[in-house]
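For clarity, chains are labelled A, B, C and D in written order, and residue numbers in each chain start from 1.
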Amino acid sequence: MQRALISEMPPGLRERYGEVRGLSEFLCAPLTAEDMVIQSMPDVSPPKWHLAHTTWFFETFILAPNVPGYRPFHPRYGYLFNSYYNQIGPFHARARRGLLARPTTDEVLAYRAHVDRHLTALLDTLDAAGWARLTPLLELGLNHEQQHQELLLMDVKHNFHANPLRPAYREDLRSAPGTAHPVDFLSCDGGMVEVGHDGPGFAFDNETPRHRVFLQPYRLADRLVTCGEYLDFITTGGYQTPELWLSDGWATVQARGWTAPLYWEQGDDGWQMFTLGGLRALDPATPVSHISFYEADAYARFAGRRLPTEFEWEAASAAADAYPADGNFLDQDRLEPQPAGAQSGFKQLRGDVWEWSASAYLPYPRYRPAAGAVGEYNGKFMSGQMVLRGGCCLTPAEHLRATYRNFFPPDARWACAGLRLADDL
Amino acid sequence: MQRALISEMPPGLRERYGEVRGLSEFLCAPLTAEDMVIQSMPDVSPPKWHLAHTTWFFETFILAPNVPGYRPFHPRYGYLFNSYYNQIGPFHARARRGLLARPTTDEVLAYRAHVDRHLTALLDTLDAAGWARLTPLLELGLNHEQQHQELLLMDVKHNFHANPLRPAYREDLRSAPGTAHPVDFLSCDGGMVEVGHDGPGFAFDNETPRHRVFLQPYRLADRLVTCGEYLDFITTGGYQTPELWLSDGWATVQARGWTAPLYWEQGDDGWQMFTLGGLRALDPATPVSHISFYEADAYARFAGRRLPTEFEWEAASAAADAYPADGNFLDQDRLEPQPAGAQSGFKQLRGDVWEWSASAYLPYPRYRPAAGAVGEYNGKFMSGQMVLRGGCCLTPAEHLRATYRNFFPPDARWACAGLRLADDL
Amino acid sequence: MQRALISEMPPGLRERYGEVRGLSEFLCAPLTAEDMVIQSMPDVSPPKWHLAHTTWFFETFILAPNVPGYRPFHPRYGYLFNSYYNQIGPFHARARRGLLARPTTDEVLAYRAHVDRHLTALLDTLDAAGWARLTPLLELGLNHEQQHQELLLMDVKHNFHANPLRPAYREDLRSAPGTAHPVDFLSCDGGMVEVGHDGPGFAFDNETPRHRVFLQPYRLADRLVTCGEYLDFITTGGYQTPELWLSDGWATVQARGWTAPLYWEQGDDGWQMFTLGGLRALDPATPVSHISFYEADAYARFAGRRLPTEFEWEAASAAADAYPADGNFLDQDRLEPQPAGAQSGFKQLRGDVWEWSASAYLPYPRYRPAAGAVGEYNGKFMSGQMVLRGGCCLTPAEHLRATYRNFFPPDARWACAGLRLADDL
Amino acid sequence: MQRALISEMPPGLRERYGEVRGLSEFLCAPLTAEDMVIQSMPDVSPPKWHLAHTTWFFETFILAPNVPGYRPFHPRYGYLFNSYYNQIGPFHARARRGLLARPTTDEVLAYRAHVDRHLTALLDTLDAAGWARLTPLLELGLNHEQQHQELLLMDVKHNFHANPLRPAYREDLRSAPGTAHPVDFLSCDGGMVEVGHDGPGFAFDNETPRHRVFLQPYRLADRLVTCGEYLDFITTGGYQTPELWLSDGWATVQARGWTAPLYWEQGDDGWQMFTLGGLRALDPATPVSHISFYEADAYARFAGRRLPTEFEWEAASAAADAYPADGNFLDQDRLEPQPAGAQSGFKQLRGDVWEWSASAYLPYPRYRPAAGAVGEYNGKFMSGQMVLRGGCCLTPAEHLRATYRNFFPPDARWACAGLRLADDL
């Protein structure tokens, strides 16, 4: 959480609050009441729970400490919708979120309306000192809700895929076959670079402090690895060749019987892919997605390359920012990664799929978690996970930065994640 | 399945079809759409699944083979709603029934209406031979649906209990404190008795054939064990005394940390019990319920008695049939067991709680499962389970018989099951 | 445990003590020190543990209460070598017996010598009252040790099979190919029969009391099912046909990937079978062995027959006792079941393989466990297991009776168990 | 594996071969044949397996490819004693190593003698080109065996601890109570430093290539954290305070019920610690050991400090090399960490306990695994583990370097591992 000094109401913050909160509900519009309860595995949360938890976040970290005499909307919602903040109190077991038929969707929407009402009322009362104090938390709450918007769609995809009927979240999503262009490896100088966030805008605490790292010269692919390229890995026995895998990766492949990315299935007419628009024929030109770190790493070894570190990625991405880059984000409403264009230079650095890096998710030098319970937001997860960069087609565009560090365990596949190759120069 | 010879439409069968089918939907009336999807553990099925599966049963075993050109309502419902009939085809994994947001409740109700329409149309076309052929299957289908009505309520109770909000299925259920009268042990002669079903009415195949068994003289308690009596077992250390338990039972107590029946919890004002009407203060006069066979067996040992065999129970119950007996069934709409009355003679033999017997669930001599896929209904489960007798407060009254054999694994606690003590004479 | 009234030292008991105790050590002679520690799965115990536990039994139930001032050989052996007697005290976890390198084999043999010395000294001091009091426990201790001799060999087989080197317990065991004769089904009258033990000799408490049961007429195969017959079941898809299986059995087949009896493996030259003499070519004439109850039951269904109840078996076996019957027991030192002879009448009722019955292991009417901790010997296991009858090629001949009830869980395969078919008459 | 260019036989290599091989057997001298088989958990290997596997390593990577016509000592030992080299072929499951009673210890020793004889014979035939080719593999084989010597003792400790008798590996080990001196934090400049191995001596491939990293100024404790300090963490509720833990760490504490380091237990007279010399009273001055990364990290947070990165450690350690440093290694034969001395400057950087770093085990920039199957030695494990530095009291002194990178999963506790605190300057 960024501790910026703000002397008055940031322009547009109040409007943005309304927009962000509204978007969460808009994303649930295609869902039935029954869809709102489903939790297909412990990593996934029911849509209803996302709506309630993001609301609890504002209620707990902003309303409760700042509205005199504020009483929680419901005495047990704190228990139900606290995700993992031990300093706030005990909470409902993650794996049992899908058992919560109650509160119903309507009751959760009433909870949202109640908190929104009190929060906007609170904003009306703030003086400059109040804005200075609350803006970082408001920003955190909004960015938190944006993270859950992305998660909500990833979770809905997993939930719908668990149903043999393979229902579509939306029937109106369209995809046009694309063309894959040859990959190009662009040289990067390396040397002493600065990474991490510094400056006036919002960033999560895990992006700070900005600091220097030394990089050797390297090369980075100008586009993502495609489904067609990944299919080569499959058809030449990638999933049957232990030498290509990390030891943990190979053990996972064996234990879970992986033979392709998560949502791929072989139909009578060839490979198909489950999407938020239902089953589609696999398009070889689109970026491969829904693979684990282990698979990304094995593919890179198969290709004679490697994954980039998160710092190599950030250095290249920061430089590439000079170029106009329209990413494929949630705002584009495609909800699936798209083929790269034919132009020269880096493509797909923003949006499309999260890119697995070779970096473990660890604290930056002199990192300090935010004070209080919100300090549990990021820091305590800095173990056993890998960093991903660049956002994906489900990320709100406004939510991303070049310094943004996403993270997932190396065996996670329900995230919209793929890879970009790197190499030594 | 009883193979009766019937020359024409059995009186009232068509009306009964409508009543039984209607009751299933009526039982779901207090549930929200979200409630309809919940599966709190693999043994439990979502309410929506019960509604669909019972419909699939009629569609598969009656409509499909008897209506020329009948096309299933939906090509995949057979996969989703077949419970375990291998001879029909593959089926959705039991533990994943709670992931089926779709079909929605409305779609399931449409499925029910479709099958009901076709089935009643079929009945209109039957001649005497048709009635003779279909009546056993119709009876089976209706009895099957009644079993699921009872299960549906047991499952709803478990689902609601999994929610920390402890919601009530119905707010209008009332209970009045009762009085426990001293137990009396009634003598039974034993000798050569006949058990099992024979005759014109419906019975499941596992109740046949009627056959002779030899019983030594025995005594049977005139009423069920009460919560108050069971509380003595708890407070004198029953759950901490391995000598009282079967070896498997003791291992289960240790592994699951059992210290009381399933729905009991200690509140600030003493023991409470979760019911379909929400949390209630424990009434010592009511029969103990939601205990496993292991607990029933341990309690009997604690009390210096034993459980009756299913044959001892049936012999006593058949004799007691001469007396007027109004059981506490689903029809009474109490949905919880009630204290025994003060009259002399056997009480609570019908309804209130299923009574664990000392008998393993095994085939009767010369038992033959019904031919075809419906032969999988009972026979293949004759392993690893114990017999229970007498019905419970969630059983439709019309569904029960003295020869009725219910069965559950010895560690099951979500069934509405308690015990009646027996002893040697 | 049989409570016989004995007025003086039973003839030969002292010699028998020496013989039984000596046999246990003799059976370990082919084992290395390393072999003595192995526990290939929780159901199995290391040979060293068998030697120590049987010794602890005599020390705990005879020496400690009857030798004034007796101090246990080692203060912690009670913890290590108590198997499951909760009334004696806490004990080492069963699944961790294979971690006990210490005490070493030599130390265990010293323990045995110590207890033998004290026990024979005690016997020297007994008067008639003493003999009357201790003979039942001595008999129990010796029969207990005989059970462990059989178990020790079954466990050694499993331990050796867990080693990819497939070592032989003994290199000198020979087998000659036999001839299978057609099976004959012999008629049995049924009616009211008496089963269970009564009389002067030793029997376990679970064989008592003798009581009447009513049997319908039945037929029983004159010999055991052979490997050749079972091979038909395999080659015609028995393990792939769910209709042949109990539901629990089918689930077990799927979960564990069973495709043949435990010790069968397909070699380049056809089926082989692992034995205590190492790998051998499968002999179609020998009785099938090392199958679970589920497999025995499925085979019987495949053959259009059924398993006999334990009472059908006992009634036939008691009648057959009139005929001279030399069983294939441990005393014959074949250590594998042998083909049936060509003579008419029942064959292989004694020895060869334990025969799975259709009966759950339950207490006989008016059964009472022995008083005190030895009451935990049998009674508490009367749940979740099936009865087997007849002894096997690893059973000491003297140990068996027609009333003997062995029991194993329905999925156990490391026991030397097969089946004999039965049918209705 | 370092690819040095060597023109002739390295001085002393042949003698060192004999010494290293002999030490492995010497370390097993106090063990009984039964001890040689034990595997108390999957991470641990039986002592006998260590002896055989290290021998297989020389046989497979040196004898087989370099001795014309060499036939493996036993056709199945390759299967039994290959640890994880997929490119060599399939191998026995790690968790089942403790089931291998055969080959016996004597047979394994014969295997060792056989390989030693052939290997020394091979050395006699080498010309300069041969030495150049084989020296790296010989060095790798010897360093590999030294790693297993350390592991063997760690495993023996775990095996012995699994036995309720708590036997001692050696009765002659002595410990004298020490004095803990206040900790001092020494300043380190940071800046651009070089880390990793380069030069003539042996190093594992994971220590290469040497490369530059940029460090901010930092401070490093002059000694290890002591048992006394760690006891403060325990007594002030460290194991009950989720804020002190990483999320994965807290989940592990809950799931396994951790309340103290692995070998600590509370006796009537206070805390005791299990050692290779048996149970001892806890000495507050000795370094804490047998803690997981999670515990090291939580303790550091409790102390208001942090763990050093592996690069901070290496930079400080390389600088400290100028000072005379006698570490407490296997050569000192204490087999337990010892209290730090009173002198100023860094203490205990070498030996005593492995020091958990804050660094995930990842490849160095431009890291390339060795070619062929030995490339599986390190590289494939670079996922999910943390780096430890500095060696321990069970490490052969000659085996260690400042650049040495050990690695264990963050939940591992059976390694002899503790921590040194760091802080920002």
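We adopt the following convention: a residue touches a chain if its C-beta (ideal position, glycine included) is under 8 Å from a C-beta of that chain, and two chains touch if they have at least 3 such contacts.
Note that this is a predicted model, so its numbers are computed, not measured.
Engineer: Return the chains shared as contacts by chain C and chain D, ordered by label.
Structural biologist: In this structure, no chain contacts chain D and also chain C.
Engineer: Using only Cα atoms to place each chain's centre, name the chain farthest from chain A.
Structural biologist: C
Engineer: Just curious, how far off is chain C from chain A if you go by their C-alpha centres, in Å?
Structural biologist: Taking the mean C-alpha position of each chain, the two centres sit 60 Å apart.
Engineer: When the C-alpha atoms of chain A and chain D are each averaged to a single point, how far apart are the two points in Å?
Structural biologist: Comparing mean C-alpha positions, chain D is 38 Å from chain A.
Engineer: If you average the Cα atoms of chain A and of chain B to get two centres, how far apart are those centres in Å?
Structural biologist: 47
Engineer: Where in chain A do residues touch two or more other chains at once?
Structural biologist: Within chain A, no residue touches at least two other chains.
Engineer: Quick one: in the complex, what on chain C touches chain B?
Structural biologist: Going through chain C, the ones touching chain B are 84, 86-87, 192, 211-216, 242-243, 245-250, 293-294, 297, 358-360, 362-363, 365-366, 376, 380-384, 410, 424.
Engineer: Within their complex, state which residues of chain C touch chain D.
Structural biologist: 32-38, 40, 48, 76, 79-80, 92, 96, 98-105, 159-160, 162-165, 167
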